[in-house]
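Okay, so chain A shows up in both of these, paired with chain B first and chain C after.
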Partner chain A sequence: MADNSASSGRLKYEAGFAREVYGMENGSYLKLCMQCGVCAVSCATFKIMDYSPRRLFALVRAGRKEEVMKSNTFWMCTTCLMCKARCPRGIPIVDVMHDLKGLALKQGYVNYPQAAFYQAFWQDLAGRGRIFEGGVTARYFLKRGPKDFGKIMAQKDVGLKMLSHGRLPLRPPKAVKGKKELMQMVAKARELEQKGAN
Partner chain B sequence: MRYFFYPGCSMEAGAGSYTKSLEAVARALDIELAEVPDWNCCGATVASSVIGDAPAQVMSLRNLAMVEGSGLDVVVACSSCYMNLALANRRFQNDPRFRALATKSLAAGGMQYRGKVRVRFILEVIANDVGFERIAARVKRPLKGLKVAGYVGCQSVRTIPWEFDDPEQPVALDELIGALGATAVPFPLKARCCGASHTLPQGEITSSSCRDILESAGEARLMVTPCPMCQLNLDAYQSEVNKAYGTNFQIPVLFFTQLMAVAFDLAPSTYGLKANIVAPGPVLAQYGVAV
Partner chain C sequence: MAKKIGVFICTGCSIGEALDTEALARVATKEKKIPLCKKNAFLCGRQGAELIKQDVVAEGLEAVVIAACSPRINYDVFDFGPSTIVERVNLREQVVWSHPADDEDTQAMAEDYLRMGITKAQASELPVPYLAENMVKSILVVGGGLAGLTAANEAALAGYRVVLVEKEPFLGGFAGRMYKSAPSRPPYTDLEDTPVAGLVADVEASPLIEVHTKTTVARIEGGPCLYDVTLEKDGQPSSFRAGAIVVATGARPYDAARLDRLGYGRYANVVTGVALEDMAREGKIQRPADGKPVQNAVFVLCAGSRDPGHLPYCSSSCCVESLKQALYLKEQNPDAGVYVIFKDIRTLGRYEEFYKKVQNEGVIFIKGEVTAVSEDGSRNLSVEFADLLLGERAEAAEVDLVVLATGMVPSTVDYAEQGAEDCPAGNVPTVQQPVLNLAYRQGPELPALNYGFPDSHFICFPYETRRTGIYAAGSVRAPMDLAAATEDATGAAMKAIQCVELTSRGAAVHPRVGDLSYPEFFMQRCTQCKRCTEECPFGAINEDEKANPLPNPTRCRRCGVCMGACPERIISFKNYSVPMIGNMIKAIDVPEEDEEKPRIVVFACENDAYPALDMAGLNHLGYNAWVRVIPVRCLGSMNLVWVADSLSKGIDGILLLGCKHGDDYQCHFIKGSELADIRLSKVAETLGRLQLEPDRVRMVQVNIMDYDKVPGILDDFAERLVEIGPNPYKGF
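For the complex of A and B:
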């Protein structure tokens, strides 16, 4: 990984960006970061990240919005919790990554395939209250379109094996009976969370 | 011993063999598991990124609100479900601002929660409520000489670090393997991430993580895990690992409850071994198990 890549681009300073991030649910924890790098060496996907969590947080503070939002760092996070368990400052790094994913989805930074997966997953969940893996997969490939055709073919063998071992139900599960009420709760929580943030 | 049981979406679908073997093992240990009525998805590792932490956690709390009146603990067997339910519960108990938000949100759907439910991971219940001595006493088919890698995976032990096990080098699963008469092999990556949901969008990430984990299992003939997603990645995609890296792994990956059902000599119909993609037959044949 190129160590200096964080400062190679033309500087476009966005004064509001750090504040935007601090205003998210877990964003203000970033102020505690002392740049020690324990998160980087703990991370399961560090090697394939554009920037380690430590570097990403430094870029947030510097207001480098485009570099942060276009990086793959938070999309690579698998929520394995190692950094959160180890961070000497007690920053819930995983939850900050969730916030950044949310910001990316909201503002249209959705080029990584993981973004399509997250959207597909939530749409499937919201429609039933429970997940149907087949439904998530179908929605995901529809969103990605022809550019992922090769991936569909690559998954074919595994899919057939799963099918023959009874691991791939073809019917969705029953919807939650209280789905309407569940979604009312979610809507209320989102509304209150918005109010609290502003 | 009575508990409410939260299965979650995987255990209702692709990980049916986990549910089946878990229920059989529970019966054999006089544990009564009642399914949480009308439970909803915990949001996995996805919902909080799409709708925000607090709304996703409210979804988890609805499941706890369903059973609070009973006074029973809720047992969870999926790592990700456990993480979401346990963290939402802890936040409700400790964060007054979130408690106020969650109370109002639940009320919008006609429900109430007071924060009294205990959320517990299946391995912790087995370690503390059942105890490994009772497990060992129930074994009718000791798996003597079987070298097993206990793959705990990431989330269950790090949701609330040191709650019941070491968050990086956990031991409860190894002790359980020992109680079944088998031998837990040294396994440095037993709590390393398997690559989780990257399988669909970027499978090469999962393959790379799984290769490291399978390699780290050393001389193990068999792997057991308590996590539906880890099991799927390591089992169904093992052939992809072999293809990508020219390796030749042939390690059956079982839910730990499947191995318990085998060691307890329960009815073979409860093992669910046909669901395993890397065939466990060759390894288990010497113990008289026909798959």
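For the complex of A and C:
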């Protein structure tokens, strides 16, 4: 578990980062947070998070951007939806977590393996509209660099087993039909996301 | 003075099966020589009630004794008009439902209750209402703020003449100075104009309301329907008579100068919520120090509230008022950074919607405690605080405006000098302010319950004060917001109307609503001992220069505390007096010592203890059959001679069941049960002189919800009496 206590030194309240977060698609829901902590006690992965969702939102309001963006909280979110179902103020916490992940990637806070995986997954998907397991894995480990080489070797038994059962194709699948249209849809969705936030 | 009495015994509700009603009837006919005694299986039914009614007319009965259920129910069925005395004998709840059927002791209990009931009916007289000359029904409203305007308007709408007195030159009060008010109707998110302007117009247009501004109350004498009020305007007195009084003098904000910890007085940019309200009304919120615009503002809630060094209580409206003011700032500048530092946000009921709305506008809420406020060279403020949700020390810098949400102090009190004796908690206001200038022996103002607010146990006495006919409404009674003050003032106006209507018919107000009896004094035997005048909880008895009591019956709430106090037993009600209860005690049939059946007299307060006994019966909780319960109006009406009567009769023990007394009293007559306790402490000595054990008399405080404990209380006492042994005076 990461160190949950905040850093020493005086916390300075500053509204800039809060405004940035409020500007995202679901970010403005955070204004409604009343810090009751129901999300924290409902969260399945709370114990391995740097900050509970409640605390993360308090930090957003306090304007502590670095601590928020560098925390693992949203990367550890399993999107089980328990917090969203229970929040008395109806905040779609899972969607807020998605937005925060997006913001982190956009601004280069990519130190967590989850961040690399999200990127690898999307790049692979965007290439042909379908997933190639081997491709995702390769991209992931390329992004993580030599420090994760040991992890590849640790997983070789699983890989070989999957291979023997025909579960790990060696050649990439064909691209989906109408890939161009799919990409147009994605572009439109991005545009709407941007519009929704403003 | 043989009175024509009829006895009616109900055999329904299992009374007939559990008791030998023939034997019971013989008690009435043979022992008490009552010729008319009838039984009916359903006395409270139409035929049963008709049977009694016919007998009342045909036989010319002056009093009927109804041996059936508790007097607390069916009182409307057993009402045979103003010229028939009705005495109820509680055979159901307190005999057959709480004791075994076909039992010798249960039967003895029922027979004793019937004897006692008949004895009381024989001694009871019809009350004659007290009607003075020149009783009026107009209502004096003191204070022309929201609560006062509402009370005046409501009373006038109901057709009563109102005199409204305001010390300022204009009506409107505190709420009249507000820019906007918090939402009061769906969707509970939008600021509204205050209702004050409309109310002022209504009040000024009403032909029934007489408005006096720049006027104070110089003196109030008399009682309900007979208040002689002297007003003073520019030094000129004027007098008139009023029927009831609504006090709506409101509250003042807590003195922020005592909050120098928060920078008030040191830095011009630290202001109170009241000052912000003034700025908003004048159209521009800016930095008071230099007139620059406000970009960042911090609201400090609970500034001097819920703080043992200042006001220890919650003022209930400051949270919502601050939310409203945060919106003023957002309205003026949507990009302003507005922070609210709170202890707890208390937005009750639909105000939660408003809280959400303000959050949605981007106001940032921080649970924290402000530790310091400082200013830099360019007069920007910095607020340091402990952030309680992040668990760190935090700071809001470059703040243009700090707004302190100060609490409310009732207008009836003010601060004592620092260090003065009546200044116990340092800064809590305790010195009474002249508002009503009552010519009452108990002092010129309303007594306070908590923190200087002249409330009077709201659960038992809604809207009331501890002075009959004077009703407090709005923030002078308790801290409250506009919506609550409006409701409060309406309630107080209704109370005042009830008061003038009842009093002008000679009837009592709450809690003995409609009671026509009142204490009468047999002055030839008065020894001018002043006990009645001193002990009356409502100041209803004045004294002349020779210390003779001068009763003010319209102030009287008919509790009988004076009757209990009088050593000469010269104070009586027509239907409640010292000899009457004494004779009831004497009517109890006390068995011989060798029968080993002790007898216990229980004096039970009618307001809580007696209903608790009824509820024990309703729940079929059994208790000792040695007890004989006598309801009393208040334990304060218990005269010590009854203890002597009981003991000389051979009764083994006396138990008093009354309400809780002390600071959080529940006594319906404020200090009746406390007085009973004091009187009882003096009885011990007398008992010793008579060679009797002081344990034979015990007082227990119960409330209505203690009904499950009542059997235990009675049984415990009986056990103790068995230990002590029988009363040696038995059989004398």
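Keep this in mind: the second predicted complex is superposed on the first by the 180 of 198 C-alpha atoms of A that agree within 3 Å, B and C clash if a C-alpha of one lies under 4 Å from a C-alpha of the other, contacts with A are read in each partner's own complex, and residues count from 1 in each chain.
We adopt the following convention: a contact is a pair of C-beta atoms (placed from the backbone, for glycine too) under 8 Å apart; a residue touches a chain by one contact, two chains touch by 3 or more.
Treat the numbers as computed from the prediction; the structure is a model and nothing was measured.
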Could you tell me whether chain B and chain C fit or clash when both sit on chain A in the superposition?
-> fit
Does chain B (first) or chain C (second) touch A:P113, or do both, or does neither?
-> first
Rounded in steps of 10, the angle in degrees at the Cα centre of chain A between chain B and chain C is 90
Touched partner set for A:A15, first chain B, second chain C, both or neither | second
Using the touch definition from the top, say if A:A62 reaches chain B (first), chain C (second), both or neither.
-> second
Determine, under the contact definition given at the top, whether A:R89 touches first (chain B), second (chain C), both, or neither.
-> second
Examine A:E25 and indicate which partner it touches, taking first as chain B and second as chain C; both and neither are also allowed.
-> first
With the two complexes superposed on chain A, say which partner A:K101 touches: chain B (first), chain C (second), both, or neither.
-> first
Give the label of whichever partner, chain B or chain C, reaches more residues of chain A.
-> B
Between chain B and chain C, report the minimum C-alpha distance in the superposition, expressed in whole angstrom.
-> 19
In the complex, chain A residues that touch chain C | 5-6, 10-13, 15, 18, 22, 28, 31-35, 54-55, 58-59, 61-62, 89
Show which residues of chain C lie in contact with chain A when the two form their complex.
-> 337, 339, 345, 355-356, 359-362, 364-367, 384, 387, 389-397
So in the complex, which bits of chain A are touching chain B?
-> 25-26, 44-45, 48, 76, 78-82, 84-85, 95, 97-99, 101-102, 105, 112-114, 116-119, 121-122, 125, 129-133, 136-137, 140, 151, 154-155, 157-158, 161-162, 165-169, 173, 176-179, 181-182, 184-190, 192-193, 196
Flag every residue of chain B that touches chain A in the complex, lowest number first.
-> 9, 12-14, 16, 38-41, 43-55, 58-59, 62, 80, 83, 97, 101-102, 104-106, 108-111, 154-155, 158-159, 161, 167-168, 192-193, 195-198, 200-203, 205, 209, 232, 236-237, 239-240, 274-277
